[in-house]
Amino acid sequence: MDDMSEYAVRITRLNYTYPDGTRALEGIDLDVSPGERIAVVGPSGAGKSTLLLHLNGVLSGTGSVRIMGKSLEQSNLQQIRRQVGLLFQDPNDQLFCPTVFEDIAFGPLNLGVPAAEIPHRVEKALSDAGLDQSIRSRTSHHLSLGERRRVSLATVLAMDPAVLGMDEPTSNLDPRNRRHLIEILSGLKATLILATHDLELVLECCSRTVLMDRGKIWSDGETRSMLSNAQLMEAHGLEVPLSLRKAVVGG
Amino acid sequence: MRHNFIDRYALLDSPLHILEPRTKLLAFTAMIVAVLCIPVRSGSLFVAYFFVTAILMGISQIPLNYMVGRTLVILPFIVLASLAVPWKGYLGLGILFVRAILCLMLLILLTNTTRFVELLRGLRRLGCPQILVLNLGFLYRYLFVLTEESMRMKQARDCRRVGRAPLREEFRILSSMLGTLLIRSFERAERMHYAMLSRGYSGEFPVVSPKRFSWHDLVFLSGVTIFIALTVLWH
Amino acid sequence: MHIPDGFLTNRIAASLDVVSGAGILYAARRAKVDLSGRIVPVMGVLAAFVFAAQMINFPVLGGTSGHLIGGALLAILLGPMAAFLTMATVVIAQALFLQDGGLVALGANIFNIGALTCFGGYAVYRLLGGGSARGKRMLLAGFLAGWASLIVSSACCALQMSLSGAIPLRIGLTTMVGYHTVVGIFEGMLTAGVLSFLLKVRPDLMKLNDLGRFGAADWVGATLFVAIPAAILVLAGSSRLPDPLERLLAITPLLSGGTEPAKLNSTARYLDYLVRAGVFVLLVLLGFVASLLGRHRRRRP
């Protein structure tokens, strides 16, 4: 049944158990409005990545997941995947074609974009991701990690998704590449769901944060107040980010 | 482990390099088959093919010592074949050697004047089953990732090694290294599958490749065809 | 073990090209049946794994070095069909990247290193009960599968080359098969070793499925696929060779260089003897192993 609400993402009572029996997600409720940027934080193993994989039906548990009002079902997964883009943690997993061009073209081609339009899409995706056009014919293993991250982003942006899920986008990036990526993220118009350990990134980009631990959501609210709550942070294996600590100490 | 055995000379700029991959695949395969069909007695044909191959080697700009170095690959087989001299005579061995070298040189010319990705595209458009082309593409793409991982594992192991362990222990270590690499490969394949699904993969791999046949290709193909036809008629 | 161009007669090379080509087309068709497409990235990454693993050399008999071929291991993990496609990919890549093996000889190399190791190894594994057994018995089956795969593969390779007149039969067979029998022990040990490692760390990977089930029809098909060319080769060398075929072999270029039909017969008779002896030895070995396993089973409470 379609829901005519205005939410970009509507997750209700989502539960997921791995084939070997471990419970990964328990009773997840999450509503995200269009254009909103939220962060999902929590210790390792909290289920952040697993949650992201439910956004486009790669994994499916019990409960309901709605994207742009449409409920995820076997029959409409292709449609959903037009609208939801996922950026995975390791660029090597996303860049599997022999050249960058083919990697970026892969998504649009699968969606049925006519061949004549593909070069334009690739060009736009590359510039949106802050990359030079000359990178098109290169092979991904010749690129630096920062470049690979951005190419991965380009592969997802080429599909023009309304919702973007990202798993640790700034991990292993040096300061300059990290800054560059944050600039790009700030310019994106899609609804953003960032799963990350980088709490400074969260402070900069996301006004709302969700705290996950052991498969459940423990807190969902305004970023600054949540992240400065030392008790909450420590109870779930996190720390108050440095910039907030100075403020707390100073104040 | 060096990675430069792939595409090492593929980015040069010679008359052979700019040819379309299909042209080269067809032409060089035809030449190799032609060489293998040269009747044993006709030395003159061998000479003709030798000259043509040498000319092609020259214009390819691939270093000669590299090409000669590659002949090491057939050395063990030549050694085995030399044991047949009592039955076949030195002439027989010599002919075998010439045939093998000619075919090897032609193969080197084909593979070293073409970027591997171009070669794959050419194969696909010549009708090679898609799954084979896909596998080759993935192999090419992930070979480097895997060799880096295995190098790192080897280094990590070497750091912890003191002297030589007994054979049994060496095997256990090698098995666990290979096993770990294997597991990581499976896990990577799974994540790759998720990434593919997320970008709309539904079992088929779409292909877009621009048609780039030019007059160069026409000239080269006709040249090769005429040459082979002449040699066939000569015999 | 990758035969370069020029060492096989055109007939043998061409017929193996056709056989391998047909095998690949068939396996490719079966791959399409896997609708989720999950097997595709698995085969791709494992092809890279095999290629990379084959470049890791370990010392054998001080001086020479060997490497894991992996056909039997892959067949045990993925099923023979997917394993065959993967190994075929590796063989083609080795020819294109390293010129290890010729272009026209690709069919022969794919057959030897792809089909024989995968199907042969898998057959040995299943026949020894590897499919349903666990623990030591499975590991032993894996070891023998790996070992057998190399012996069969190298024997066929040597046969192809000697029947092409490139190498002498007796010496060629002895050296190639002899060498690979020894190296095969390491292949077997590594196969068993990796399987044992997987059992401990990721037992769920052991249950990965084939492209569809490997049913009775597939067994028949696989046997024919492997047996027919093998039979042709053996018959070609046998003294029971009918005249026209003998003359056919005699007029191929290399053979006309020196080996006369008369000599072919005497070496062919030796081959007959060798094949019979080999089969006998294999049976004895299997019987010995079976009795060992039987005793092991009875001793457990």
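Which chain is which? They are A, B and C, in the order written, and residues in each are numbered from 1.
The rule is simple: a contact is a pair of C-beta atoms (placed from the backbone, for glycine too) under 8 Å apart; a residue touches a chain by one contact, two chains touch by 3 or more.
Note that the structure is predicted; figures quoted are calculated from it, not measured.
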> Looking at mean CA positions, which chain is nearest the middle of everything shown?
Replying inline: B
>> Can you tell me which chain lies farthest from chain C, using the average of the Cα atoms as each chain's centre?
In response: A
> Cα centroid separation between chain B and chain C, in whole Å?
Replying inline: 22
> So what's the Cα centroid distance for chain A and chain B, whole Å?
Replying inline: 40
> So how far apart, in whole Å, are chain A and chain C when each is placed at the average of its C-alpha atoms?
Replying inline: 46
> Hey, what residues on chain B touch two or more of the other chains?
Replying inline: 116, 137-138, 140-142, 145, 188, 192, 196, 201-202
> Residues of chain A that touch two or more other chains: which are they?
Replying inline: 96
> Multi-chain contacts in chain C: which residues touch at least two other chains?
Replying inline: 41, 44
>> Quick check on the complex: what are the chain B residues that touch chain C?
In response: 1, 5-6, 28-29, 32-33, 36-37, 39-40, 70, 73-74, 77, 80-81, 83-84, 86-89, 91-92, 95-96, 99-100, 102-104, 107-108, 110-111, 116, 119, 129-132, 134-143, 145-147, 150, 154, 170-172, 174-183, 185-186, 188-190, 192-193, 196, 201-203
>> Which stretch or stretches of chain B touch chain A in the complex?
In response: 116-117, 120, 137-138, 140-142, 144-145, 188, 191-192, 194-202, 206, 208
>> Looking at the complex, which residues from chain A come into contact with chain B?
In response: 53, 56, 58, 78, 81-82, 84-86, 88, 90, 92-99, 102, 105-107, 109-111, 115, 118, 139-141, 155-156, 159
> Residues of chain C touching chain B in their complex?
Replying inline: 3-7, 10, 13, 24-25, 28, 31-32, 34-38, 40-49, 51-53, 55-56, 58, 68, 85-86, 88-90, 92-93, 95-100, 102-104, 161, 165-168, 171-172, 175-176, 189-190, 193-194, 196-198, 201-202, 205, 208, 253-254, 256-259, 263
